[in-house]
Amino acid sequence: MNWILLLEQTLNGFQFGILLFLLAAGLTLIFGIMDLINLAHGSLYMMGAYFAATFTQWTDSFLLGAMLALLASMLFGVILEVIALRTLYTRSHLDQVLATFGLILFLNEFVRLIWGPIGLDIPLPDVLNGSLELFFGIRYPAFRLAIIVVGIAVAFLLYLLVSHTKIGMLIRAGASNRQMVSALGVNINLLYTIVFGLGAALAGLAGLMAAPIMTVEIGMGEGILMITFVVIVIGGVGSIRGAFVAALLVGFIDTVGRSFLPDILGLFVSNDFADTAAPAISSMLIYVLMAIILAIRPQGLFPPKGA
Amino acid sequence: MKLRLLGALSLGAMLIGQVALADTVKIGFVTTLTGGAGAIGNDMRDAVELALDHLGRKMGASDVEMIYEDDTFKPDVGKQKTEKLVKKDKVHFVTGYIWSHVLLASRNSVVGKGPFMITSNAGPGPVAGKLCHKDFFSTSWQNDQTTMAMGEVLNQLGIKDLYIMAPNYAAGKSMVAGVTRTFKGNIVGKDMTKFPAQLDFSAELAKIRSVNPDAVFVFYPGKHGMQFFKQYSQAGLKDKVPLYSAFTVDSLSLPRLKDLAAGSLMTQFWAPDLPTPITKIFVQDYRKKYGRYPTFYAAQSYDTIMLIDSAVRAVNGNLSDKDGMRTAMRRAAFPSVRGSFKYGNNHFPIQNFYLRKVIKDSDGNYTTRIVKTVYTNHQDPYAKDCKMSW
Amino acid sequence: MNWSPRTAFITLLMIGLGAVPLIADGIDEPFYTVMFSRMLILSIGAVSLNLILGYGGMVSFGHAVYLGIGSYMVGIGTIHAIEDGIEWMGNGFIHFAVSIVFSALVGFVIGAISLRTRGVYFIMITLAFSQMFYFVAVGNEKYGGDDGLSLYMRSDFNGLFDISNDNTLYYLNFVILLASLYVSHRIINSRFGMMIRGAKSNEQRMASIGFPVFRYRLTAFVIAGTICGMAGVLSANQTEFVNPSVMHWTRSGDLIIMIVLGGLGTLFGPVIGAVAFLFLEEFLSGITEYWQLIFGPMLVLVVIFARGGIDGMLVLLDGWWNRYSLKNKA
């Protein structure tokens, strides 16, 4: 076993996990508090990336573009909530799935109409384009390191927000007992809009940080949305702590599986089979993980109290 | 007298028939027009339109109707669109096809059902070998050929340890098969990644760094190629391990990759600086009309239209004369971007393959230049499995 | 049955579907037979899902897995029939039989695990299982992997009928659709069906009366799977091509959309929905490349305003009709 490789892959898995966490945090909050299954969360991720590409082009600075894109994503989320999603809170999960699926279709075409079918790039500043020497002689791409740093910072801020502020208290209260919060005279509509805007900004942040790695294109949010759902379900719907743990778990399994599975499989079956079957099996691993966890704990790892 | 009248009548009838038969040539073109690969399909469509411009929008006396269909990068959708072209639009030629898996899925809906099928890019082994058919032609290459040429180049460069990466779909497998067929050194690592879903190559790049091979060979068409080059450089591998490729760097990605690809080596059957008269006109007019260098996808699509034109002219627009058109196409007597060439028994071109290098042209645009000829008049290895002869 | 706009519409729809090949041949546009054939096959899938989703309230987001099972049975069978000359593997009756058995088995395993969860967890775990099967198909190089399998023959029915003819295949689809509607009708109105419907609205009550809710639900889950597996067999024959995308989660989503669009928990709703869905796709994509720009909001509006789907609107129409005719009689 090559320890340096394992360490580097762990870092890669961690980076992917952090990205998943940014998406999952918003999704699980919206789900836990408004009881809304929002399939269009992936579209918010896509919007974040497109906004960032456009604003980076306008301002000629990735940093400035990213800031503006963050604001734009939040604003976009708020508008979406007020116009379309608000009416869905009281509906069945089935209705929500369908209506937000309709939104995905709409937003994909909307983006195609505005930005064209081809997709965009986000050029990175030179500082982020290279690689850095870490401990044990590991070289790691600077931008991926930046994703990890930003992600951890956001996770920490979220922790502060949720457990040490008044709005955080309301969010926690909303997640465990919605009726009670509104009965206590809290402006629940405003709380919902704020939470949705926060979730949209987090999704946008994930989108704009993934964009330089994955290219900005239509439908970019759909593949990762499914994995995000897996994350929040494993973590327990509504639990940010659960989302954090599950995101890192899923990121780690996915990356390490992709890296080592061909060799591990090669011990048992022919190499050719291992080479071609391994990518599929590693994609499958996270779903197997979810099925096992749900079979043992039908409400995920960290079911929020009271739910 | 009577006989003569009859003869005149039947001649007249034939002439009328001829005129009536010289109806519109309907050509279906299946490609990818949306999503990340949409740029490729767009380039192919531009080349088709340029070819039609050059022909004055007519093939002989016949009008031409082009029907473009978007396969959205999915074999099942491509198949459905192909079926529509054949059954509903009743086209005479079904062409296009970037992706090998889309072509393989769609083939049965065309071949043997009436129309000719001409692939403008994809060239998976089966359609060149066991599944070759009298109504199937290619204006590109067979998948293995280009990477076989790359294998030779790597041998000549004295590469001992090679790491290979390609997407896990029909063409990716052929490309890998091609390079392993001719490369004589050791293959120290191979990754087949999920296509088109996987765009983040961090795990694979870490493996490359840990294995530290003499060279890396990749096949990543479209936007995947661009992402790979970017991430390769971001991971700090660009100056450590030389990167060779096939169909990965093209005229669409070069303006965006710029220095990241400078000096990069690849093999190909064509390059914009190929000294043939048609290539000169094609590249010049293409750049004038669209303001960019054409890709090899574009060149092949241009050839597709010219091949059809040669067939339609040979039968004077009598599109029911399929034998006549087939004979004409087998002669490959059309002005091709690759110069004159011959068709093999399996209707795939027997052609040269060149080593190309990324350079900056005099106007500061990035393009490629031919370094040398690797193969002369090369025929694909599947031709011997094809039972057809003519 | 009393005559009403709704029964008239449904009767006309079914008669119309029965006459499609005749009309298509009449106007020399055989392409429409193919197009409507797809509608029939997806209708069968939707009817089967409606059994558990519409009547039982089990929101399975992985129903397309059975389409995949049926399709791959035909794909794998015909490959061996042609390449290895094993004739029985190309037999359509065997394709149906194997698909039914295998779908039932898979349905049993998925159901037994998933039905222990509720709500969104149920949605996600059924999705997880379908994704697993999806990736099994993707990873299985022997049977085409991601690239899929092209079929060089359609299933052979011992010369009883020959589905290499598109019209014959169409009528086979039609007959199986009618059969699945009949089976649905019988199940829904049986004691078993009452119980499934009862558990949808109040699970605790049914359990406390002494019904084994879990076992009944599992049975319904398995039945729905086997019917959809048959749709898979037909689908592979129709497209003459099998690849993993037949069981992609978006296909499961399409089935759900069809049901809701047509009318959740009504006998003919899924058929109406499947026809409307594919018709809209064909029609709107003919008008504009950006057809989803129209289809997306339409879906949102249907969910928000037309709660019973198209069938719900027909029921409304019936109401007006009844009042109108009553007034006239009085």
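Should a chain be cited, it is by its letter among A, B and C, assigned in written order, with residues numbered from 1 in that chain.
Everything below uses one rule, namely that a contact is a pair of C-beta atoms (placed from the backbone, for glycine too) under 8 Å apart; a residue touches a chain by one contact, two chains touch by 3 or more.
As the structure is a prediction and not an experimental result, all values here were calculated from the model.
Colleague: If you count the C-beta pairs in contact for each pair of chains, which pair comes out on top?
Modeller: Looking at every pair of chains, the most contacts join A-C.
Colleague: Could you work out which chain's C-alpha centre is the most distant one from the centre of chain C?
Modeller: Between chain C and every other chain, the largest centroid distance is to B.
Colleague: Can you give the whole-Å distance between the Cα centres of chain A and chain C?
Modeller: Each chain reduced to its C-alpha mean, chain A and chain C end up 32 Å apart.
Colleague: Per the centroid of Cα atoms for each chain, what is the distance between chain A and chain B, given in Å?
Modeller: Roughly 38 Å, centre to centre.
Colleague: Quick check: what residues of chain B touch more than one other chain, meaning two or more?
Modeller: 168, 194 - these are the residues of chain B that touch more than one other chain.
Colleague: If a residue has to touch 2 or more other chains to count, which residues of chain A qualify?
Modeller: Chain A, residues with two or more chain partners: 112, 276, 279-280, 283.
Colleague: Which positions in chain C are in touch with at least two other chains?
Modeller: Residues 138, 145.
Colleague: Any idea which chain A residues touch chain C in the complex?
Modeller: These residues of chain A touch chain C: 31, 37, 84, 87-88, 91, 93-95, 97-99, 101-110, 112-113, 226, 229-230, 233, 237, 273, 276-281, 283-284, 287-288, 290-291, 294-295, 298-300.
Colleague: Over in the complex, which chain B residues touch chain C? Could you list them?
Modeller: Chain B residues touching chain C: 74-76, 79-80, 83-84, 87-88, 100-101, 104-105, 107-109, 168-170, 194-195.
Colleague: Where on chain C is chain A touching in the complex?
Modeller: 53, 59, 61, 113, 116-121, 123-125, 127-129, 131-132, 135-136, 138-141, 145, 249, 253, 256-257, 260, 264, 290-293, 295-300, 302-304
Colleague: Applying the document's contact rule, which stretches of chain B touch chain A when the two form their complex?
Modeller: Chain B residues touching chain A: 33-36, 38-39, 42, 168, 173, 190-194, 197-200, 202-204, 206-207, 209-210, 223, 226-227, 230-231, 233-236, 256.
Colleague: How about chain C: which of its residues touch chain B in the complex?
Modeller: Residue positions touching the partner: 29-31, 34, 138, 145-148, 150-152, 239-241, 243, 245-246.
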